[in-house]
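Just below sit the structures, each encoded as structure tokens.
In what comes next, chain A is part of two complexes: it sits with chain B in the first one and with chain C in the second one.
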Partner chain A sequence: MKLAVTTRGRWWPALCGTITVSILASYLLLIASNWIYLGWSDTVYFFSKTRMWERFWLTVWTSTVSTFFSLLIGIPAGYALSRFRFPLRHFVASVIDLPIVVSPAVVGAFLFGITTRFPFDWISEHYGLYIGRNVYGVLLVQFTVTAAFCARLMKASFDMIPVRFESVSRSLGASPLRTFFKVVLPMAKNGIIASMIVVWARAAAEWEGLMLFVGATEGKTDIMPFAIYLDWNSGMMGWVTSMSIVCILMAVSAISAMRIIGGKSNVW
Partner chain B sequence: MIEISNLSSDLGEFHLRDINLTVNQGEYLAVLGPTGAGKTVLIEYIVGIYKPEQGSIKVNGEEVTELFMEERNIGYVPQDYALFPNLNVGRNISYGLEARRMPPEQIKDIVSDMISRLKIDYIRHRMPLHLSGGEKQRVALGRALATEPGVLLLDEPLSALDENLRTEMARELRRIQRSVNGTFIHVCHNFEEASEVADRIAIMNEGRIIQVGTLSEIMEVPANEFVARFVKTQNIFNGVSDGSCVRIGETEIVKENSHTGNVIVAIRPDNIEIVENSGQENVFTGVVESKKLKPYFTEIFVKADIPLLVLCKKENSFKEGDKINIRIPQEKVIVIKNSE
Partner chain C sequence: MSGNKANRKAFKALFYSFAGFLFLYSLYLFLSNLDQLFVTEAAVKTREITDVWGDDREIMNQFAGGFWKDPYFWKSLNLTVVTTLITTLIASIVGIPTAYALSRFRIKAKSIVEILFSSLIVMPGSVIGICLIIMFNYGPLWDLQNALGFRFAHSLFPGMVIASLVLSFALGLSAWKAAFDSVNPRFEQVARSLGSSRWRAFRTVTFPLAKSGIIAGIILAWTRAMAEFSAVLFFCGTFMELPSSRFSEFTKFIQMDQADWVSVAVWAQVEFGNIEYGFALAFVLVLIGGISVYIMHRIGAKGYIW
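Right, the complex of A and B next:
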């Protein structure tokens, strides 16, 4: 009996360890093969090009703006879903979850349907703000896909804060609004930052919805994943590989930040 | 002062039934009951987390039943103290005062006064994460008392502490309550804890208040068998009374009482005396069945016509199998009408 336990104790960690190392090795090999394919001098060449950094900054700022608007919606929505009990709560939660479950391509097609109607057509006509095959379209797609994701993550962050803290705050004379800003938000800070990074990374990686709703326009809507697609079609493998390396570096930075900040909040 | 009248409500799993309770200014009331009795729910209704379906709550004569939590001026200290982890001790204590938009100078004075009164000057700038259980309790009390609430509700404030610290902190709570002359309601499920802190005790079970009284009233005249068992009256029997004595099986105990018919007879183990002679009233001969040494006394299980638990001084020479005479003083026999 003792021998059986000892044997199991040996092969089980060994199996888990082997699987983990295999996954890690395959990913590292993938990254290394890209780098080897490109070579050091080509990497320096592509990285020195303005075209590369224009695309990079377009990705960064559109993702940042759409993340900001997602937070504006996601924080109150996540708090409401976490704290309030109202009729059809589960139905509302399911509708909010739709963009997470449904393919972003469906979201893109859906947006195409509604942006040609009121109030979008009216805004376009009166204010000249056309949302379509331009950077506003990119922002709208990123926002639509990530807002739901953001609300879901925020709900998880708020769920981890016991309601007792709010009860104590209110018993001390603080209004619900003051309680939210002085107690709930500071306590959810790490969770919110970790969620924000996830949302930002999700926005930066959006592709399918953009493909349908915005379309690929060089110099206008070519955020990194989209630009990779454009250059792939043109057979510019050097660009594809160098941009893939940038995307990987962005992802590694985001994951590291989530590990550091999210670890404290138990969100990640 | 707080007055609760006819409070009834249903929260699904928990319910409150016709709660009537008055706690006077400067009084310390312990609400005692087993897990699931509805003690915490009662606290949550008083503080305003839930609105009752029926009944009213008045604090210092003012009706607060329909008011929001922040308008009630009722202090609340939950079981885990719920200190705000993002604020240091000083800021935790000043939180309620800032919420009430008091002038900064006044806030500073009140916080300093509270900190010195609670003897926590040395942790003023510490974050809650770095406080011990006792320190957290004092900070939570300071935070709640700084706003001078009409009544302070403490939800099992000592349950997270070890036994030695619990006794010490119970005395500390009592000292603080006396020093601020506050009205405290303290929920717990530990009889010793309640007896340590409270002026009066309310016994709760299944959403109802069964009995309210001083410690001696509850111990000497328990309202029913549940209360008698809860306050550790361990010798409890079904009997029949004729008004002058009670019969438990073949054993007859002389006891003048106002009940006839089926009754519950309760005898506290510390009220039974071990005597030399058997020729007195209510003296029975039994055999020591077993002995258990406790810190301050010895528990002796005596097999007489009825099995009895007797508490006696720590030093005694009785051995298992010894014959002893025990006396049950008439005035110490508790007779409760058996309602079943």
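Right, the complex of A and C next:
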């Protein structure tokens, strides 16, 4: 006798499949609309301009520097959030998360508010390092957003490693610091590299904060996502679309690299 | 042994200090700006000299630009909350089946789908905005709009919902997919073998098990929709200075005329020089974001953040 599995309720997988396909089609159209609009020959023309690549390198180096600083803070902070239990843990984690959950434009407004205050006015007075409408402002905005993001990603990476290995290492007489460098970091290596790539891509995508805090100087602070806004305001649609193609390629290749390395980069 | 204990303490203190730095930085960033809410003498004088505000000058020179007396504040909040709720509703109606399909069905080139949705999270907002503008304002969709006689872009209802939906959907999808991934498919197979249909197996077995993750995804989608800035700025712009005649009777009736998306309003007010008004709006967004991220931590949600 054939085991009968009911055929009722077939509409449900069919519905799920149809919705998925149509959503995918609309998102692909959204992403591809720039290419369709610009055409091949114009893409080649804009890609051969130096103005494009100057902006590209500015984006790359600023986001690399800010990624470096956020990793410096984010790896130990993520480890602390992942392993230690302390009172008001959820509250502390929520406050750390605030710069990424509120609108980045709001973060820009708040940064604009603190740069005239204590550490920043002191730094500009004693070291002549003005953080504001220059490339240091860009770095500060990127650092503010990515440090919190990085701590989140690192916490997720460390959460995936069982605590048991640390306990074994500690019971065999290794100091906590030695355990961290010899056991935890090598085990979390893939997760850390994958998160690093995502953090870099996030830093390269940050622009809303710059709009309120830094402003754009052509060739100095106009990193690519912001340059899109500037050129859109001046009506240069060719530049806008070709630069957004570069940004899309950067985001997609960063995520692909992350997946090849094998990171999950689930944050919560 | 005591050396070991001191060692452990020093280790903990070192790692706490990094987390503490981030905590204090964030706290300082948001709390130290509370004094921006007070109108400075310079701003009052400037407003008296320039005389741009006319009758509103008295309001603008009060605490935080007297935001609670200004209909623009309440209308903007009303507009944003209602629009984001509509967005979240659409995102969850469409997104939960999609997440279920991506989590359960064998789909070819699934990694490409995942790369697409993950890369949306690290894509600049301005790129999303430009893509929306080009998609809707050129080509066949533009012809369609001309034929039908309405506009997607620069409109309150479809425009703002579309602009906030793009990223809110992507974020919610990641959380919902993680929720369905965490439920063992075996339970569903058992239910199917006992004779329940596919829909019933989903409704009575998988859905209740994934419930907390689904709720977290809904909160995440709503928070992301509230935090949307660039897509709305590019696709819809501001409505504050449009004449009253541009808005329909219905829009006026539901108190959404001459109002802006809140985060766009923050930008617009700071650019106009109403720093304190902008910060008052910004603190509303910070409160909303803080409360919803706290709830997400308490639920212990899984998924992406942007």
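The definition used in the following text is that the second predicted complex is superposed on the first by the 241 of 268 C-alpha atoms of A that agree within 3 Å, B and C clash if a C-alpha of one lies under 4 Å from a C-alpha of the other, contacts with A are read in each partner's own complex, and residues count from 1 in each chain.
The working rule: a contact is a pair of C-beta atoms (placed from the backbone, for glycine too) under 8 Å apart; a residue touches a chain by one contact, two chains touch by 3 or more.
If you're wondering where the values come from, they're calculated on a predicted model, not measured in any experiment.
Novice: Check whether A:162 is in contact with chain B, with chain C, with both or with neither, and answer first, second, both or neither.
Specialist: After superposing on A, A:162 lies in contact with chain B but is clear of chain C.
Novice: Of the partners chain B and chain C, which touch A:187 in the superposed model: first, second, both, neither?
Specialist: Only chain B is touched by A:187; chain C is not.
Novice: So, A:49: does it touch chain B (first), chain C (second), both, or neither?
Specialist: neither
Novice: Of the partners chain B and chain C, which touch A:80 in the superposed model: first, second, both, neither?
Specialist: So A:80 only meets chain C here.
Novice: Could you tell me if A:96 is touching chain B, chain C, both of them or neither one (first, second, both, neither)?
Specialist: In the superposed model, A:96 contacts chain C only, not chain B.
Novice: Mind working out whether A:171 is in touch with chain B, chain C, both or neither, as first, second, both or neither?
Specialist: first
Novice: For chain A, which side has the bigger count of touched residues, chain B or chain C?
Specialist: Of chain B and chain C, the partner in contact with more residues of chain A is C.
Novice: If I apply the document's touch criterion, which positions on chain A are contacted by chain B in one structure and by chain C in the other?
Specialist: Residues 175, which sit in both footprints.
Novice: Can you list the residues on chain A that touch chain C in the complex?
Specialist: 3, 5-13, 15-17, 19-20, 23-24, 27-31, 33-34, 36-37, 73-74, 76-77, 79-81, 84, 90-107, 109-114, 117, 144, 147-149, 151-152, 175-177, 180, 198, 201-202, 204-208, 211-212, 224-226, 228-229, 232, 240-241, 244, 247-248, 251-252, 254-256, 258-259, 265-268
Novice: If we count contacts the way the header does, which residues on chain A are in touch with chain B in the complex?
Specialist: 162, 164-165, 167-175, 178, 182-183, 186-187, 189
Novice: What residues of chain B sit close enough to touch chain A in their complex?
Specialist: Touching chain A: residues 44, 47-49, 68-70, 72-78, 80, 82, 84-86, 95-96, 99-100, 143-144, 147, 149 of chain B.
Novice: Going by the contact rule set out above, which residues of chain C touch chain A in the complex?
Specialist: 4, 7-8, 11-12, 14-16, 18-19, 21-23, 25-30, 32-33, 36, 94, 97-98, 100-102, 105, 107, 111, 113-120, 122-128, 130-132, 134-135, 138-139, 166, 169, 174-175, 178, 192-193, 195-202, 216, 223, 226-230, 234, 262-264, 266-267, 270, 278-279, 282, 285-286, 289-290, 292-294, 296-298, 300-306
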